[in-house]
Amino acid sequence: MSVPIKSTLDAEAQRITGDALRASVVDLIDLSLIAKQAHWNVVGPNFRPLHLALDELVTAARGFTDDVAERATSIGVSPDGRAQTVAKEAAGLGFPDGWQQDTDVITAIVDNLATVIGRFRERIDTTEKSDPVTQDLFIEIAARLEQLHWMWQAQLATA
Amino acid sequence: MSVPIKSTLDAEAQRITGDALRASVVDLIDLSLIAKQAHWNVVGPNFRPLHLALDELVTAARGFTDDVAERATSIGVSPDGRAQTVAKEAAGLGFPDGWQQDTDVITAIVDNLATVIGRFRERIDTTEKSDPVTQDLFIEIAARLEQLHWMWQAQLATA
Amino acid sequence: MSVPIKSTLDAEAQRITGDALRASVVDLIDLSLIAKQAHWNVVGPNFRPLHLALDELVTAARGFTDDVAERATSIGVSPDGRAQTVAKEAAGLGFPDGWQQDTDVITAIVDNLATVIGRFRERIDTTEKSDPVTQDLFIEIAARLEQLHWMWQAQLATA
Amino acid sequence: MSVPIKSTLDAEAQRITGDALRASVVDLIDLSLIAKQAHWNVVGPNFRPLHLALDELVTAARGFTDDVAERATSIGVSPDGRAQTVAKEAAGLGFPDGWQQDTDVITAIVDNLATVIGRFRERIDTTEKSDPVTQDLFIEIAARLEQLHWMWQAQLATA
Amino acid sequence: MSVPIKSTLDAEAQRITGDALRASVVDLIDLSLIAKQAHWNVVGPNFRPLHLALDELVTAARGFTDDVAERATSIGVSPDGRAQTVAKEAAGLGFPDGWQQDTDVITAIVDNLATVIGRFRERIDTTEKSDPVTQDLFIEIAARLEQLHWMWQAQLATA
Amino acid sequence: MSVPIKSTLDAEAQRITGDALRASVVDLIDLSLIAKQAHWNVVGPNFRPLHLALDELVTAARGFTDDVAERATSIGVSPDGRAQTVAKEAAGLGFPDGWQQDTDVITAIVDNLATVIGRFRERIDTTEKSDPVTQDLFIEIAARLEQLHWMWQAQLATA
Amino acid sequence: MSVPIKSTLDAEAQRITGDALRASVVDLIDLSLIAKQAHWNVVGPNFRPLHLALDELVTAARGFTDDVAERATSIGVSPDGRAQTVAKEAAGLGFPDGWQQDTDVITAIVDNLATVIGRFRERIDTTEKSDPVTQDLFIEIAARLEQLHWMWQAQLATA
Amino acid sequence: MSVPIKSTLDAEAQRITGDALRASVVDLIDLSLIAKQAHWNVVGPNFRPLHLALDELVTAARGFTDDVAERATSIGVSPDGRAQTVAKEAAGLGFPDGWQQDTDVITAIVDNLATVIGRFRERIDTTEKSDPVTQDLFIEIAARLEQLHWMWQAQLATA
Amino acid sequence: MSVPIKSTLDAEAQRITGDALRASVVDLIDLSLIAKQAHWNVVGPNFRPLHLALDELVTAARGFTDDVAERATSIGVSPDGRAQTVAKEAAGLGFPDGWQQDTDVITAIVDNLATVIGRFRERIDTTEKSDPVTQDLFIEIAARLEQLHWMWQAQLATA
Amino acid sequence: MSVPIKSTLDAEAQRITGDALRASVVDLIDLSLIAKQAHWNVVGPNFRPLHLALDELVTAARGFTDDVAERATSIGVSPDGRAQTVAKEAAGLGFPDGWQQDTDVITAIVDNLATVIGRFRERIDTTEKSDPVTQDLFIEIAARLEQLHWMWQAQLATA
Amino acid sequence: MSVPIKSTLDAEAQRITGDALRASVVDLIDLSLIAKQAHWNVVGPNFRPLHLALDELVTAARGFTDDVAERATSIGVSPDGRAQTVAKEAAGLGFPDGWQQDTDVITAIVDNLATVIGRFRERIDTTEKSDPVTQDLFIEIAARLEQLHWMWQAQLATA
Amino acid sequence: MSVPIKSTLDAEAQRITGDALRASVVDLIDLSLIAKQAHWNVVGPNFRPLHLALDELVTAARGFTDDVAERATSIGVSPDGRAQTVAKEAAGLGFPDGWQQDTDVITAIVDNLATVIGRFRERIDTTEKSDPVTQDLFIEIAARLEQLHWMWQAQLATA
């Protein structure tokens, strides 16, 4: 395969930034699939608000997936978001099989979000030098995921 | 794990219908990931119309995924749409790694659609007795996928 | 009274289909009145999500009422949805008087839905031969009511 | 049953206002069912404009039903809008069974409106002292029903 | 001419289904042209409601034309909706030349609808085995045309 | 009063065009007041379609009033649309006092429209030389008024 | 002329309320014509904000005209909003001919508003007994006109 | 048949203008049917942009059909847009049967557009004297068709 | 400071009404700030429905603040909604610092609403004579706040 | 360069019309750039209404630029709207560098509009014979520019 | 009180960032209350554009308040936006009591904006190390406030 | 000329940032004019997708022009976007005269985008110290232009 899209970054910056972006694609697809899985399998008294909140998370994760994948293409790096790649490389903590109690769903989502946020915090550092444009996107993603992280935590918390 | 959602189908009908629905969830998620992969990696003179047409396919596949997953829950069957399950069980033909020429993308999408449609044609037969409500959903999905199948073929065809 | 609207069905098919449709009008109006009654009288910690979910049920029941009543007129059968007729003939389980605890509301709605769905499952069989057009409408109604049935059950369930 | 919603009215004002509101719920549901019944069963040269005008009446009656029922809850009174209650207690004049000629429909709607408006005129007086907030709602309802009363009369009138 | 679009149906099912679909294209275009013709040429006291109702019929007929034509392409059959083909092959009863009295328009539309509905009722039988996906589309079309048939009849009827 | 807005027309063209525009303002305001008067006072079996059609005429007349008044200002001529001016100078045929039978309303509107259209036909000739921009606006107004003229006539006509 | 619309008010209440409503129709049409006249003829540095604010006044006056005229019809009284009637009977202060300086326009609008508001204040008293429904409408109109009165005054005021 | 709609044109002007309008109805319906035919039967690499562009042409042709037909009625001339009339009298060049290669579709559309535009150019001349209102409509139609003519040519052109 | 906005009320009526309006501005701003504070600081299993319901309360309070402040200006009284004024003069019960358990939030909102509603009930009496226009606004505000009062209570209640 | 787009005009008409259109493209782009320049650089008490009014002018100028450029292509003439061409050939009076007082901005816009309108008035004459379709577009542009010319003058005027 | 929301920042970064965010909540609420106060109390010839511009400022300030408060919660810090806190801690310059001349309003808003912008400029520096996500939000706020600062200055400026 | 807008930046930072912003205004206007030029003059098989894609580029360039120009004003620097300035100072590569083949258009757009992106990459560095608010805007612009750069390249590329 040739290299059909030229980058406006130098080779080293492209490699560092591209690796961060490709890993982000995988993490975000995994997060969207986990959230959909929970959206369908949650049971318990809080079913309805969680069912709705999980679709907001799906929407956020899908939108960011497109953003990072198209940022990769914009710097000449081919993104890989196929099921096999996601199954192998995603950093998330996964989600159990079958129906899930509402409180367990909250815990699972909080933990998955914490893991993914941690990865984006690292990528903000990694790309500071290599590409401020990509870093800006990672900052935007972290901001939204941390907001969701608070909202999901708030459902577990006691004042 | 207990069985928290009671079905209005008898056990046998539930089993047959549930298997068909769970397999459909997996196929449709896979199809949506393949279409997104192509959306990002297509290159060539027809980039723009294909880029847009692939997102229409993503939208269709995602909408039907939700429909079949929530039909499964409606008959008391837990759907499984996690990345690992999709990677293992999807019936599609997959999609190659990296940038892809526009004509190759068309062929790959036509072939994947043909495979998935074949599976839905079988499920229409399987569920005729077990659950006409689910059959009706499969008929609707087949109708739309066959329409897309024509549109994608039309780009390859010569009169 | 003369017979002002001619049917495209023969007399026997018209009788069978018309009976099913007239009974459906009654059941669905009753369901919409029960759901509104619950919408106003529910109390308890889950007030807000139930208050909203009950209005979704009202919207569904009202829309289907119009569909089945206008399907009856389409085959030359006059529908009857007056309060006295509904009070006498509805198949639902009713709803108690006065303020109701949120958990009791969920149980009452699940039970009413199960009863009404059972009736529509029978009508799907009854009309298969007499009028596939009406059967198709009953399938669509069953699909939506079973989806709501799952969502209401899910609030009671434990995984 | 306990009294779960505290009122900002004193007991006597609450009783007077609550009775007026509970009766209004019943009258308005009955009116909406009568209008729907006519919407389906009207025949004659003016079918189309009447079919549409009847749905405007349904929309008005349904909206006001919700307003008065939620005004009842706002002052701590449980509303009762179940089919059996409506069948027993509604003040309207009812509507005949089966297909109805367009001119007969107009007369029936004009008469039902006149009856219901008369009841609201009384309630405006009754609640002037007991609760000006509820009175204001009754004034708004009377204004709209009298407007519809004119429009339905205008179809019968000769200049 | 080669056969550029492959079908997911076998040759016999494709032939039976394709014939039904091609005939439907012709009938529906004819119906839409008749309704437009009436929309322009109707005169009489009921001009306005008929003028509007005829455009609803045009909209329905045009939408279904596209549905059946694209269903034909989806199974690899080329549809033919050219003026000459419609003029030769349409099953409708036609419409007279020049200005038309409103009552005559109603009769003409009722009769044309009855003829076309009869043809779709036959096609529902014909395609039950050959292609349930196409049958489902014919059922949807029959449902809407029968609803319009009632509404147009209701303008002629006496209770 | 000075002449605050300069015209791009010469004095003679401005005078001819300005006179035509000022007279149009008066005629169109009068037409809109007549249509509103009829909108409120019409009675009879066709009340509803006429009530709606009259508001379409009001909307058209009001829109064109603004167009011609602002065209006058655009060529430096002050328009005069005050009640006294309209009462004195309008060319329309007026409208009787009090409730009006629906058939009489149709006749009155047809006659008023014919009178006003006649005046605009003359103004199209008058302004051909003096200002093609104003002529274009008069042509657009005549087109719409003649369309309404047909629709109102059609309600009186017999084929 | 017969009396085609029956009132739910007694004769005396109808007479008092009807007179107030008929006079309101005239005042509000006059106000809307004055505001349009000013909208076209205002000149000066504040042209643009005044040009826009005058159209808000037109919109308010036109909406209220329809409300009071249809309230008149609702109690069986025929409204009269023809140009000649407005020219003769309107209570407003009028508006001078030709182009007007922006500051003069503000003064003229403030004065006209004050006059019309004064009349509505009287009508609120007059109708308190005769018809609380009409009184409620007059209160709503006064509220909006007094808000506009402040906004127009504010442009003249110095703190 | 009597002549139910009176014209504001004299008999000769009505005849000339009416003939031009009736011929336009036929040409535009034919153009819309040809464009739909191409919309369904086009194949080749440019399928998608052509499929969409053809529906824009359908939309334009249908809108103008209504405009010219209602202009005919506005001058008292009955339009004729029935399939048989279109098949006999349309001026277009037609379109071949069956699937069509994308490049052939472009040529066919360009040629049909050129023929129809030529006819409208003639009608602009013909109606200049007989009816400037109709001429203005023909100018608007020519402007849009010539814009589409450029866009379709541009796909064949080489710079 | 001079008195730039003239009132249509006499001095005494202006003073009484103005005092009621100025106090309302302060109470409603305070209520909106309390609801926002709760919106951010609520934690617990019912976080999500409360978080949303609190923003509905904010929207209501902000809208009414503008209404009462502009009603004050409409009668020539300057409103004061600055932070210092609100902190000193608001009648509400306040809200504690820091994170708050969901059940505590409900109690705090119910109590604050009850206090504010009590004040508006008094103002309805106070302004009955001084200004029915302002009274009408207070009635509207009380109606909405009492509806919210019921909804917030319903979350604490047991049937 | 070849001549890829064929014209429906003859060579002479195409030359005359094409020259007028190409010059219009240049004038209108210049006008839109001047209006944007003023939008950013205006200062003074009338900043806000001018800032907004200038963007309306930009919107009008941009829309007409597209109309005239695509009218040129429709008759086979290539438009030229590049910065260098605009800088060289625009007929406008330009706009000074740096911040501008609001009154100076009004004068500059009025003068630029007058110049451009003068050019369009000439083009209306020039194209009357060569192409009535293009003339119609120039008339529409003149109508809108003269309306804006009035509005901008009105801000300078004294009555 | 416990610490219910865990932060993804370390304790020191959380403290620095949290202090900046809590102070921002207070400043922005104060700014929104000042702008509303001015919105109601401004008088003078520029009343209308200022009245509208002040509501844009309110909208901006309210939106940013929510953003910074929810950013605080996202890092585990409880925001405090109660009236008493705002009255004590806001950095703004305040706003005088009573009606205000339009020119004085402009000066007051410009000065308040300058003060608040200065504080956000400092916070951009402070949070550069402690939390780039929060810094990005402060940059966005500064950008919008500086744009408003220009627009408000522009109304005072002379070129 | 005085300096009417005060900056919140010191003189040196204002100079550096202002120069970058003024150059950006010029580059982006030039880019929007080039894209419009191509939008009109492109010919060839890919006309339609390019015609649409070029308008997306115009929209992006125009939006960013306003952003950078108003960022300049926000820091007290007057932007200059007049045609003469753009013609002299734009950094883009220009675009040839007359009709252009579709493949040549793609190359020209890719090259122009690459040049402009290079300039924004430099400005991101330049403004890092002088003004992080402006730098953030440049990052956002670079992100979008690089995305478009990929999409345009993708049409030329081979995998």
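Order of writing sets the labels: A, B, C, D, E, F, G, H, I, J, K and L. Residues in every chain begin at 1.
Just so it is clear, a residue touches a chain if its C-beta (ideal position, glycine included) is under 8 Å from a C-beta of that chain, and two chains touch if they have at least 3 such contacts.
Just so you know, these numbers come straight off a predicted model, no measurement behind them.
Steps from subunit D to subunit J, minimised over paths through touching chains, total 2.
The greatest centre-to-centre distance from subunit K, using averaged C-alpha positions, is reached by E. Counting every residue number used by either copy at the subunit C-subunit I contact, under half are found in both chains.
Per-chain CA centroids place subunit A at a distance of 32 Å from subunit K.
Between the CA-based centres of subunit E and subunit K the separation comes to 62 Å, rounded to the whole angstrom. Our note on geometry: subunit E versus subunit H, Cα centroid distance of 23 Å, whole angstroms.
For the pair subunit F and subunit K, the distance between C-alpha centroids works out to 53 Å. Touching two or more other chains at once are residues 1-2, 4-5, 41, 43, 49, 70, 73, 98-99, 136, 154, 157-159 of subunit C.
Pairwise, the chains that make contact are A-B, A-C, A-I, A-K, A-L, B-C, B-E, B-H, B-L, C-D, C-E, C-I, D-E, D-F, D-G, D-I, E-F, E-H, F-G, F-H, F-J, G-I, G-J, G-K, H-J, H-L, I-K, J-K, J-L, K-L.
Subunit H makes touch with subunit F in their complex at residues 1-2, 4-6, 8, 70-71, 73-76, 132-133, 136-137. Subunit K contributes residues 46, 49-50, 52-53, 151, 154-155, 157-159 to its touches with subunit J in the complex. The part of subunit B that touches subunit A in the complex is made up of residues 1-2, 4-5, 29-30, 33-34, 36-37, 40-41, 43, 65-66, 69-70, 72-73, 78-84, 86-88, 90, 94-95, 97-99.
Every residue of subunit A that touches subunit K in the complex is listed here, in rising order: 114, 117-118, 121, 124, 136, 139-140, 142-143, 146-147, 149-150, 153-154, 157-159. Contacts from subunit D toward subunit E in the complex involve residues 41-49, 51, 98-101, 104.
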